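Structures for review follow.
Paired with subunit B in one complex and with subunit C in the other, subunit A is shared by the two complexes that follow.
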Partner chain A sequence: MKRAVGFLVLFAAVVLGAATLVSLGVNPPQVGIRPLGRYYLENSYFGEPSPKSPEAVTAIVWDYRGLDTIYEVTVFFLAIMGGLAIFRLEKAEKKKSERPAELTLVVKLATKILAVLIIAVSASIALHGHLTPGGGFQGGTALAIAPLLILVAYSRYVLEEKGLTYIKAIIARSLSLVLILSVVLAPALYGYYLLQNQPFYPAEVSGQLVSGSLWFFNLFDYIAIGMGFTAIFLYLSIPEEVYKEELEAVKE
Partner chain B sequence: MIEAFVWNMALLAIIAALGISIYGIVKKPNLVKKLIALTIFTDTVNLLVILIGYRVIYPVIPPVLPQITPSTLDYFVKHAVDPLPQAFVLTAVVISMAVNCLIAFAIIQVYRLYGTADARRMVEKAFPEERL
Partner chain C sequence: MIITHLIMLLVASILGLFFSYMAITEKDLLKAIAFSAGQGVAYSLIFYLLMAPDVVLAYIAVAVGIYSALLVFVVSKTTRYEEG
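Right after this comes the complex of A and B.
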């Protein structure tokens, strides 16, 4: 009751405050665009020099402000590393002999179809990131949903029998981060600037617009983010008894 | 008129949500509830940044070239929203997701160690000789 009254008061304050601001004419809605945003819109494809990407957001993320994004990938790397360090296991898990209980056929079949669809959609989001809204980050987070669904509908043991263990996920993630770094460093070896896109990387490959390094960044970032979150989900699905044993061993 | 009202209401609602989420972070003793309040906080800040780049015009289009021909550029610049805040939010979303994962891992491990996610009882269990 008290909480409902509080929310009603807050809602009334928001509506009345908005009405007061409108009647005073203090804060008119924004119709224009800032000069910096205008520059990015004009130059993301037709400017000279330009990143040759019709998608202005991807052009900013991986070209104009590419260094920001590289450091951001570093923060992502450290955060995932920290999480995995908290959850690490000292010794390998013992193999379980009995199979866990299974869900119904409907759930399992629907998960199979959905997982394939999710992987296809996430790849299209990531690889068209320089043409349409989307990119490596969004595609990677969508990709991580597929193993999560399989984890819930089947079990971790099925995923590991198919070959996706957390060690492999971490290796795939680290490899694609190294590839991102090599895409950053490659122009510097040939006398260009670090992270330089356009004169060094080709804008078009056999008639298809790839926007230079943007396509490579999106691809490697897609794998890095997807595999990073997959590793997190795999660690989260380790049974609690395993950690209980570990903690008991630490206490003694 | 109605546009100005909705614009101001969105701004005030964002400020109210910021206040509520800060209250949740400070006041709620349960660590999981603190984490939920933190995610609300980051999402609200992202919404605020998106609002800063928005334009109240019709039609308003996303910052993606509709056709790759120089003649559409004029229409595009007149109607597209600011791409820079969207780029900031894109990086902020991924970072906040990774950091939330790290915090969730820490909370789970703390719960396994102390058997509680309540910040006050956790302190009592970790430092039994100190009285709060």
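Right after this comes the complex of A and C.
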């Protein structure tokens, strides 16, 4: 009851505030496109020079403002490494004899179908990132949902028996980061600018538009983000008892 | 036609406000995480209506899937009910 009153007060305050701002004419609605937006829309594919990508957002993210995105990828890498420093295990976990309780057949079967669909959709989001809305980060976050579903419906031991341990996820992530950096550095070695896209990388490969370096950035970022989140889920789902046992072993 | 979009925006933002308020005042942390995921759905609807499909794709996966899952893992390592 108290919560309902609180919400009504908050709701009335927001509505009154919005009505006041509208009646005062603060921040009128945008009519037409700003000159900066018009420049990106007109030049992201047809302009000269241009990133040769029909998707203006991906062109901005990986070409016009590419350095910002590189730093963002680095920050995410540091965050995962910080988590790994806290949650890592010194030695491999002991095999448990009894399996933890599992969910019903309906959930397990639905998870099997959904996981395959999610991986296909995420690959489509990431690899068409230079043509349609989407890109490496969006595809990667969608990819990370698939192992998460398997983790919840089965258990983390199923993932590890299939070979997806958090060490392997971290290795895959680091490899794709190295590949991103090599795509960044390669133009500089041949006398172009760092992170340069167009004259150096081909816009089309055998008749298919790849928008130069944008496709490679999207692909490697897709693997890096997906595997990074998978690693987080895998080491967060290690049960507390394992850490307690390890702490006691250190004491002795 | 723009009035339809504005009404949809209004409904979605009120839903988002409601879910955020419920998430903040809830004492059961698992329920609070569920309310927070509902707020994510409402906000991704707003992003879609504002014609930002790139943001929708990232936001729906992060706010409903990854963020909720991370918080459930964190709650499983502490206690379920907020005290006080």
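Quick notes on this one:
As a working rule, the second predicted complex is superposed on the first by the 234 of 252 C-alpha atoms of A that agree within 3 Å, B and C clash if a C-alpha of one lies under 4 Å from a C-alpha of the other, contacts with A are read in each partner's own complex, and residues count from 1 in each chain.
Heads up, the rule we're going with is that contacts are C-beta pairs under 8 Å (C-beta built on N, C-alpha and C of every residue); 3 or more make two chains touch, one makes a residue touch a chain.
None of these values were measured; they are calculated from a predicted model.
When the two structures are aligned on the shared chain, A:21 is found in touch with subunit B, with no touch to subunit C.
Judged by the touch definition given at the top, the superposed model places A:10 against both subunit B and subunit C.
Legend: residue contacts after superposition of the two complexes on their common chain; A:172 is shown touching neither subunit B nor subunit C. Applying the stated contact rule after C-alpha superposition, one finds that A:141 touches each of subunit B and subunit C. Contacts of A:153 after superposition on the shared chain: neither subunit B nor subunit C is touched.
With both structures placed on the common chain, the touch criterion links A:232 to subunit B and to subunit C.
In the superposition on chain A, A:183 contacts neither subunit B nor subunit C. In the superposed model, A:45 makes contact with subunit B only, not with subunit C. Between subunit B and subunit C, the partner in contact with more residues of subunit A is B. In the superposition on chain A, A:133 makes contact with both subunit B and subunit C.
Shared contact residues of subunit A with subunit B and subunit C: 10, 14, 57, 133, 135, 137-138, 141, 229, 232, 236, 240. Residues 10, 13-15, 17-19, 21-22, 27-34, 36-38, 40-42, 44-46, 54-57, 59-61, 65, 68-69, 72, 75-76, 79-80, 82-83, 86-87, 131-133, 135, 137-138, 141, 209, 225, 228-229, 232, 235-236, 240, 243-244, 247 of subunit A are the ones touching subunit B in the complex. By the touch criterion stated above, subunit A contacts subunit C in their complex at residues 3, 6-7, 10-11, 14, 57-58, 125, 133-135, 137-138, 141-142, 144-145, 148, 152, 229, 232-233, 236-237, 240.
Residue ranges on subunit B touching subunit A, taken from their complex, read 1, 3-5, 7-9, 11-13, 16, 20, 53-57, 62-65, 68, 70, 73, 76-77, 80-84, 86-87, 90-91, 93-95, 97-99, 101-102, 105-106, 108-109, 112-113. Put simply, subunit C touches subunit A in their complex at residues 14, 17-18, 21-22, 25, 53-54, 57-58, 61-62, 65-66, 69-70, 73-74, 77.
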